[in-house]
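In the two complexes that follow, subunit A is the common piece, with subunit B as its partner first and subunit C second.
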Partner chain A sequence: MSGKSLLLVFRRAPYGRSLSRAGYDLALAAAAFEQPVSLLFMDDGVWQLLPEQHADQINTKSVASTLASLPLYDVENLYVDMQSLDARGLAPVELRKEVVPLDATAVQALMHEHHQVLVF
Partner chain B sequence: MKFSILVLSSPGASQSGDSALAFARAVVEAGHELYRVFFYHEGVQHGDSLAVPAQDELDRQSAWAALSEQHGADLVLCIASAVRRGVLDGGEAERHERSAVSAHPAFELSGLGQLVDAHINSDRLVTFGR
Partner chain C sequence: MATLHTLNQSPSGSTLASCLRCLAPGDSLLLLEDGVYAACSPHVSAFKESPCAVYVLQADAEARGVTGRLDPAIETTDYRGFVELAAACDSVQSWY
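So, the complex of A and B:
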């Protein structure tokens, strides 16, 4: 895909604040305008990737269903920072299977290879 | 160089909005072009003309409006974020059957496509207020 590549970095836990929702909406908008977009989850943002989420119990929309819908809009590049997982006692096997784990060097490379990085 | 600015926080809640304003002024004073300022998420409250700042505080809205008028920078409020927070222009007030128009006329309500466009057409897109 041609265009100007955009990396959206999610660093916050999924609920409690709605900023990550803003990040997902932007991912869909970028895809709609045919700009290549990738998502990187790090720090508390890695909690967004747990497949079992019962957001209805706190009267909000589940991030899991948003993530599941991304491929329909051609948003397919999802990455997670391994260090953030380690720090929280999480393993890649516990996450959504489409997410690619990256070590610190690969995270650095990912940021370098995108034209624009925005953090949510 | 062509700059755009993304503002994510509301005017009173943090220093970020003021930093964005100072940065925007620095951009134009240095002779660069300010292509667009996109207010997203809580940032859309910058465009709420019904909010009354305290008398001893900076009137941030007028400052943005003046900057836009003098330098032709586009001030855009994300329409979905704005409507959700009660920042409505005439069209949205009518569409959602609300009794007041609250968006300041210097700010335009538009979609996230305007942020994507700023990303495509600016050399730098700088975020304030994460």
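So, the complex of A and C:
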């Protein structure tokens, strides 16, 4: 079964609110129904991609472990907006290695090539 | 009247700028939750001219994986330090 392709855009930092958790739930649900899903991290969403997040310190589940589980559900297309990284003094090598950095043109293309874009 | 200001919002929004505008000499500022990102370069330059002591809450920095990115000019504190700061100040103002 091949459905409409779905792009989930993560724009918020990981723990301040529950929005990103909803995004991951949708990613896993869509993948469970074999819908093609891609994830794009931009703005404060790029903070989700830092390794070594010790969320147990604030009694919550680490986003890093959720990201690590995505390949098990065949969610393997992870992208990050370079401009958002630059603005925060982050470099691609400091992030999870499976994430592909994109420039502004590539981000536009990514949004165009998906049937549906949802922002979290 | 010394005030402890607490900021729990990311520096991407406008809350940080409003908070900084209201800091008076002798006040303290504690960065917590998403506010800890403000203690990371390049945002930290916003505090360079601040007349206040700036602190960051250790647990929230560790949870977000930014302990290695905190500016050394900003002091780290724990929950006990949070309580001591609140007790030492006349009032607490939350920026959220």
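As a convention for this text, the second predicted complex is superposed on the first by the 119 of 120 C-alpha atoms of A that agree within 3 Å, B and C clash if a C-alpha of one lies under 4 Å from a C-alpha of the other, contacts with A are read in each partner's own complex, and residues count from 1 in each chain.
By definition in this document, a contact is a pair of C-beta atoms (placed from the backbone, for glycine too) under 8 Å apart; a residue touches a chain by one contact, two chains touch by 3 or more.
A quick note: this is a predicted structure, and the numbers were derived from the prediction, not measured.
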item: Contacts of A:61 with subunit B and subunit C, given as first, second, both or neither; value: neither
item: Which superposed partner A:44 touches (first subunit B, second subunit C, both, neither); value: second
item: In the complex, subunit C residues that touch subunit A; value: 8-10, 12, 33-34, 37, 40-43, 58-60, 62-66, 68-69
item: Residues on subunit A engaged by subunit B in the complex (per definition of touch); value: 3-4, 6, 18-19, 22, 25-26, 29-30, 32-33, 35, 116, 118-120
item: Residue numbers on subunit B that touch subunit A, as the complex places them; value: 6, 8, 40-41, 80-81, 111-113, 115-117, 119-120, 125, 127, 130
item: Complex contacts: residues of subunit A adjacent to subunit C; value: 13-16, 43-44, 47, 50-58, 60, 64, 87-89
